[in-house]
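Here's the structure we're looking at; comments come further down.
A, B and C label the chains in the order they appear, each numbered from 1.
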Amino acid sequence: MVDAVSPDRPLAVELRGVCKWYDEFQALKDIDLQVRQGERTVVCGPSGSGKSTMIRCINRLEEHHGGEIRINGESVELYEARPHLIRQRVGMVFQQFNLFSHMTVVENCCLGPIKALKLGRAEARERAMHYLEKVRIPEQADKYPSQLSGGQQQRVAIARALCMSPQIMLFDEPTSALDPEMIQEVLEAMIALAEDGMTMICVTHEMGFARTVADSVVFMDRGEIVEQAPPSEFFTAPRSERTRAFLDKIL
Amino acid sequence: MRQKNRSRYLGDLLIYLAIIGAALWGLRIATTAQAYNWQWYNVPQYLYKIHEGVVYPGPLLRGLITTMQISAGAMVIAAVLGLLVAVLGMSGSRVGRILARGYIEVVRNIPILVLLFLFYFVVAPIFGLGRFASGMLTLALYEAAFAAEIYRAGIEGVPRGQREAAAAVGLTRAQQMRYVVLPQSIPLILPPMTNLAINLIKHSAIVSVIAIFDLANEGRNVISETFMVFEVWFTVALVYLVITTALSFLATGLERRFARSRASARAR
Amino acid sequence: MSAGRPGQRARWRPGAVDWLLLVGLAVFAGYVYYQLRHVLVYRWDWQSVLQFFAYRDEAGEWQQNLLLAGLEATLRIAIFSAILSLVLGLVLALMRVSSRLWPRMVARTYVELVRNTPPLVFLFIFYFFISAQLFPVLGIDRVIAALAESDSALVLWLLGDPRLVENLVVGILCLSCFEAAYVSEVLRAGIESVGKDQREGALAVGLTGTQTMWHVVLPQAVRIVIPALVGQLITLVKDTSIMSIISIQELAFSAQEVAVSTDRVFEVWILVALIYFVICYALSALSRRLELRRAVGR
């Protein structure tokens, strides 16, 4: 079990009235979200509800059109011209892993540290091995992504993100492209990360994970945050009808 | 069943040979009716000469060397310029995108011959370019527009997630391109680029109209001296054919190799 | 930043690359201007070139001149060659997908020969073969001469200036034979992209192989390849200019004549390039529209 986060910690991520449009379609409507340092937030909701869009706005893979997004108190728009500076501090793990297929596992992990953080090769490799051990696949370091199972690939992707020593980690359905028997190994890596006190925002439908790890669960539907509550409340006494309907479907 | 198939193939092969033979025979009939004087024996001396045991290239081979020089130079420029245009076309800079788009549209919608005249008669005097440079630059500019499309397709052929993941580990746009996207697009770019080189060599014959002595022009010269129209053109065509066929084998070879290495990477 | 719909964000702020390119462009334009004005001291004279399109004779009537005649010939060649190369290309394509080996081999040989020799070389060979060998042997030159003599309005309307009919016909034949190879590749790709299920469906309702091809496969294939065919048409229009090298009197040929006789080299080539651009750009716009419509229709 992971310790709860005291409410006087500073805010790591703050969204205020965030809106986003794809042409005429509004994907995010007035999103408010606060995540304190060390806090673990799980985001769930039906397909197309804007979960991915929201977390991709946080590390500027998408641009938002209204409202404000702050990271450690700084507005992301200060980095309009250099979004890579934000991404060096905010790690991300994708549903489809997105490992660089022309590079070995360890090269995948070293690319960011060497090119973005300007670490030396030896140091970067050392760091990569450290995190690969952490996700328990150091022996695969010199293989290519296509030679690994899905679960292994996703753990490499986590290690790759960690190599940048991010202050915040974003996960976009990290287990939903995996076969059931591989989900657990990835979840374990994420739990270990949570135990180390990492600030995390996870889009996931693994409700077991949400129950044990999350400080707060967010339910999104049609581009809005419908409900946000600690897991104990969220699962036992959902306030909104939509949340209840959703939970009935997936539990 | 097998047996029947084989005899049918053999029959078809014979029909094929008969048709080719008939075509050649028809050519002979038609030409002799016009009192055309075939002199194949005279052709080799225009390819090469042997003097005191040393082989010297004749006009046709010298023309071939010029053709290869101009094509190679143009190919290098086209490859670099094409990349520049492709990158500008996909960049965040609006001026860059407009320039790239405009360049591609202009070059694609004007015949290469007119482009060559435009270059030789209009651009060259302004920039003080010589004959050879005009020819080479025209070819390069023309093919660069096509190269840009090849690069673009190659770059867009790399899944978007790759680029996003590169962004997510904090690389700049240029770094994403340089370390993640471009290396993966090479298998998609190289085979069509070989085809581009083939086209370039074929199009290079056009420079003979501004009196550059490439293979086609040397062919015309030899003909005007000897009136061996068919022999010389067939020889010239054959030389082009050998080069372009060799390159197209290279293209299919590359394509197969990349396909195979991808497949085996997946299987491992 | 307060709420802003995407429309409001569309305001453009040029970045570093934009400025760099703008400055580069300005320098380039400045250099060209300086060279023209002060080094080459070029005096523009569009008037004397424009009169080579059309001029007013003594009676005050507009008369067509070289460039306009050239443009007309270019369009004639392009239209007739487009039709002829489509027919020839279809024959070649059907041969390429034949179940028998020999038609496949014959068509393949022709297509590869054409595609692997420079257009210039192919045209020289064909020009010489058709006009100097084939026409006299088959007696076509006499037919053409008769055509040229006849002053039937139809012939005049179709083929234009009687004195140049032979020139035109040779040009059309050469270009058609050349383009047919490329057209056949486009059509073949279309035929092969029509699924096996379509073919089997047609065979299953009792159509013969030929009926299947004509009524089921080809209609679908043609619809698929129409944008590509328009693209090939653009290439064909551009390739008409190469015909000037074998003295077919189309636009590029007249342009060379006018450039030599007036010495207004800059004006002539800029104008002629512009004409080709307008024609081809219109066709590419059409091709894009067709492609778009097909994408939407799917």
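The rule is short, and it goes like this: contacts are C-beta pairs under 8 Å (C-beta built on N, C-alpha and C of every residue); 3 or more make two chains touch, one makes a residue touch a chain.
This is a predicted model, so every value here is computed, not measured.
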In terms of CA centroid distance, which chain is the most far removed from subunit B?
A
Most contacted chain pair (by C-beta pair count)
B-C
Centrality ranking, top chain (CA atoms only)
B
Where subunit A and subunit B are represented by their mean Cα positions, the distance between them in whole Å:
49
Distance between chain centroids, defined by C-alpha means - subunit A, subunit C (Å):
55
Subunit B and subunit C have mean C-alpha positions lying a whole-number Å distance apart equal to 20
In subunit C, what residues contact two or more other chains?
15
Contacting residues of subunit C [partner subunit B, same complex]
12, 14-15, 17-18, 21-22, 25, 32, 35-36, 40, 100-102, 105-106, 109, 113, 116-122, 124-125, 128-129, 132-134, 136-137, 234, 237-242, 244-245, 252, 255-256, 259, 265-266, 269-270, 272-273, 276-277, 280-281, 284
Residues of subunit B defined as touching subunit A within the complex
159, 161-162, 164-173, 175, 179-180, 183-184, 265-266, 268
Where on subunit A is subunit B touching in the complex?
59, 61, 82-85, 87-89, 91-92, 94, 96, 98-102, 111-112, 115-117, 144, 146-147, 157, 160-161, 163-164
Subunit C contact footprint on subunit B (complex, rising order):
8-9, 12-13, 15-16, 19-20, 27, 29-31, 33-34, 36, 88, 91-96, 99, 105-106, 108-115, 117-118, 121-122, 125-127, 198, 201-206, 208-209, 216, 219-220, 229-230, 233-234, 236-237, 240-241, 244-245, 248
